[in-house]
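In what follows, structures are represented as structure tokens.
In the two assemblies presented below, chain A is common to both, partnered first by chain B and then by chain C.
Presenting the complex of A and B:
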């Protein structure tokens, strides 16, 4: 080992890594640390401030709007994660079969991922606000003749759009997972009499378990931080019915002069998301190890 | 698997970090120096919309006054820029800003010159001067700022549809309801409401609340001796009644869609401000529309036009040449220049004798000239008070068929709770 350490390392490697690391630190880590710093102050986003210790964090647990935002966000993230993973896994299985026009379909399914979430939000805003009510009125269906985003079911509209868009990326990951499965294993399984659903549960799924893990972690993380689609579609309304944690941080932090307080909220959200992700990885990897 | 794990955790952390990221501001430094006898003044203006008009006026002033050189600075997100510069003690010489809580903060910081002795003050309508005194940090009758332009809100109506239904402009609440009934009977939808954009819920509240709330409510509320519960029931009762005359999907209609429907003659009235008129005309250039003051009560003297100070002019105590700055303020308020501004910006002038003559808002112009105006009450609620979300929930409950009196009580209780959390005085 020692011999290798003294070997000359090409500076090209450093040139590749260092500038990005510096940029990352400057644009990412520094603001992040600043956010943590300000969460211990009473800064309004401007003007003078002083340290107030853990006051922001104590207030956090007493605030009804924060409680509501967390409740909604978890409900939303859970529904979206389950739906996205179930749907994209079945889509991936379908696309992995020997069907015609497979590549065209793949491209089609991947399209939503390439569009910006805000654009998709505005497009669906129009669909929910004009096209569906127009259809509902003509067809005489009262349930469809109003904009769903203006009712207490608004979150279902947002959920639909989120699932529709997020499926693309998860399907891609599952598909690449399915392609790693050796054909011989299926042949062996069919000799043993495992077909259809049984083959999927006993053979396919365990083999793509690592891909399931990564998809679950990424889904939960991104849905707990849902922002763009809410911003574009409901602005957190009607009332505060679709206000996610990120939405609350943005609204109250920038418009409401609660910069420091909402920084504390962001720090807590970070801890929540990070610990959920680590927890998920632990559990799911243990399961992976067992089946492998 | 190690790699994937690291990737997942890394991505998780980095995206969470984005949320916690702070904002940074770029305060612009002003170059003030007195060389060769010319006074350089920085004129800081908060509205991006009026840059071209302001520049015209500044150029005109500079041409007339060879000893002064005014430079217009109109940055994006002016409020943040101004507050940042305030903390850096780097103030512009002259400020143009709306009459809201930022002005109150400026007066409290004691950085504005008292302009009460200025000759030009005599030409300003008393109701607007009263608004200035009301938002002074110390409530003193001092002119730390002089109103330059006003906006207004009320009811926008389609004159053709009114004629078709044979109704005239209502002046009392009862007449208002009668008009709605007659329009409905004639097969015309009375209101188009756009509550999906929840800020459009506020104009009605801003008209109803000042006319019906008890005398001195706003101050008492600030001191914690008054509550919305027990005083604002009438506001919500009346508001809820009007909503019955709107389209079915009032909760799901956006501001743009609402304006479009109104422009296409699908409804007779909109409840909003003068700023909506250009938007409506974008869809239908030839629509015949006008505005009238919101008839909030049966007492005609109480039904006023809601009008706030959109732009007011201030001179800071860091100004190197206060005499020249005051000359600039007086110049801006000359009737001719004020007229130019309101014609180009579709605003109203607080200067007596300067009248907005556009037919689309003619119905309000007389009340404003007579000083029959009241300020936007929501400007007096604490910064960050999200009244529109509370009211949006009220109407969502209504749409879901919740009991009216229960809904009103719950909503007003919420109004009080949220106000008290934010009220730090």
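Presenting the complex of A and C:
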């Protein structure tokens, strides 16, 4: 009798899930499946179409714009991930030190997270285009007297702005990790003679490893999707030098008559991002199992 | 009891100097340029010789700021309220029943696995779908935001709901409360800390989002503040003072919220990711 009642699920629970799940299916899953479907066609986004099998995917290997976009996106995501995590971890260690005005400094370093990426991109556009060249000319440094966004080093400008903004979030995650480390462990470590960098590598880092993995998963995913800051700063140029995968999907998919072809590109992007995320999460689980 | 620790002044000064130049520097530039006249731009970084507030009124009129503000405000606030209500309810139903029902267990994995699908991957077909359903306006985009929050928010709420003792709900049931009443009067108030995190993340997402409005909102009367900055890029051209006044008016509401709630926001955002 009792068991029967426990297994009975009130219809109200279904009402709480089914309507939103149905909408999610309609607005999220159906487009996702349609995208996969289109990737096997030659649809331009309008007009007639036919099935062409794996032709879109095979075409990728011969397409310089795809090669360029994947090359640039990976180079950018890898550089940004390494830089952001190294700098954020250092900054978090600093903020975790015995400093005055800790809350104010934390608030300042988190501020970039609050600001829209597009507008940050526009502001730095001006800094790279007007302020730095002005300074470079006055100081007589030729490397600084041109707008970096118009040169072959444009991607460094985009990288700088991305790191500037992304550090805010990553730093706070590392800081909350560092705050979980018991201070007594340090006392024990200093008795054993572990200080400075050695103490950090041997004791602190393993303790905050889960936070490191959270940051890695989230950083890689967001940098592989880079879009806003590049639209604001270079529009993908000069030429196509800073065109990311997402920009290629947006530009060619909507305006270039490559709806189906870029749908295939999106499918590949999904496979890349999903497999990287799953891989990283597997490592996280393994590591947490080891700790417990 | 607490031992008074010696302040590391060198570190304090170093971190303060970096914060002032690297973080506040670009903001200082934004404010200064927004207040200058074009003839006052020779010394870009110097304080303005006179304050030109007319930059703001010109940008206000040019970009139709009130319209774009109301659009953004509508999307952000409706999304925030309905995300918290519907997503917490769905997460509650899923978590409480996923061990006894295959349907709810399936729903759990359905939403969690959807987290691996980035927006950029589905944007092409979504735009077609949205225009077929007439969702390419502020009402439609609001609905899409609420629904697209489900995977992440189910994930965020799930750990929290698991930690709540079932005994509370059973007691309410004995007192004659139905499932909705139990959720509303017992569970929802207990979810407050996680709802705060969800609220902050939803607010940040919708206020600052550029890509979804870019692909879904083409009509000028439907544009959000972020999208308007992009659309007016050409018209601002080299009128930097006007452009920066416009940017500042987009940043100010967020900055105002941040000044008053920064501690709460930082705690909410970090606990959201770390808990998860």
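Throughout what follows, the second predicted complex is superposed on the first by the 256 of 292 C-alpha atoms of A that agree within 3 Å, B and C clash if a C-alpha of one lies under 4 Å from a C-alpha of the other, contacts with A are read in each partner's own complex, and residues count from 1 in each chain.
Everything below uses one rule, namely that a residue touches a chain if its C-beta (ideal position, glycine included) is under 8 Å from a C-beta of that chain, and two chains touch if they have at least 3 such contacts.
In this text, all values refer to a predicted model and were calculated from it rather than measured experimentally.
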- Task: Please work out whether A:151 is in contact with chain B alone, chain C alone, both, or neither, and reply first, second, both or neither.
- Result: first
- In the superposed arrangement, does chain B or chain C reach more residues of chain A? C
- Examine A:218 and indicate which partner it touches, taking first as chain B and second as chain C; both and neither are also allowed. both
- Quick one: classify A:186 as touching chain B (first), chain C (second), both or neither. neither
- Which of the two partners, first being chain B and second being chain C, lies in contact with A:74: first, second, both, or neither? neither
- Query: After superposition on the shared chain, which partner residues are touched by A:266: those of chain B (first), chain C (second), both, or neither?
  - Reply: both
- Task: Mind working out whether A:238 is in touch with chain B, chain C, both or neither, as first, second, both or neither?
- Result: first
- Query: Counting only touches as set out at the top, which of chain B and chain C does A:205 meet: first, second, both, neither?
  - Reply: neither
- Looking at the overlay, what does A:48 touch: chain B (first), chain C (second), both, or neither? first
- Query: So, does A:256 touch the first partner chain B, the second partner chain C, both, or neither?
  - Reply: first
- Message: Please report the chain A residues shared by its interface with chain B and its interface with chain C.
- Response: 24, 28-29, 31-32, 34-35, 38, 45, 130, 214, 218, 221, 225, 246, 249, 254, 259, 263, 266-267, 269-270, 273-274, 277-278
- Message: For the complex, give me every residue of chain B touching chain A.
- Response: 1, 4-5, 7-9, 11-23, 25, 80, 83-84, 86-87, 195-198, 248-254, 257, 383-384, 386, 389-390, 392-396, 399-400, 417, 421-422
- The chain C residues in contact with chain A across the complex are 5-9, 11-12, 14-16, 19, 22-24, 26-27, 29-30, 33, 44-45, 86-87, 89-90, 92-94, 96-97, 100-101, 103-104, 107, 110-111, 114, 116-130, 135, 143-144, 147-148, 150, 178-180, 183, 204, 207-208, 210-211, 214-215, 226, 229-230, 233, 240, 243-244, 247, 250-251, 254-255, 258, 262-263, 265-266, 269-271, 273-274, 276
- So in the complex, which bits of chain A are touching chain B? 24, 28-29, 31-32, 34-36, 38, 45-48, 63-64, 125, 128-130, 133, 145-152, 210, 213-214, 217-218, 221-222, 225, 234-241, 246, 249, 251-252, 254-259, 263, 266-267, 269-270, 273-274, 277-278, 281, 285, 288
- Item | List of chain A residues in touch with chain C within their complex | 6-7, 9-10, 12-14, 16-17, 20-21, 23-24, 26-32, 34-35, 38, 45, 91, 94-95, 97-101, 103, 105-120, 122-124, 126-127, 130-131, 134, 164, 169, 172-173, 175-177, 211, 214, 218, 221, 225, 227-228, 231-232, 245-246, 249-250, 253-254, 259, 262-263, 266-267, 269-270, 273-274, 277-278
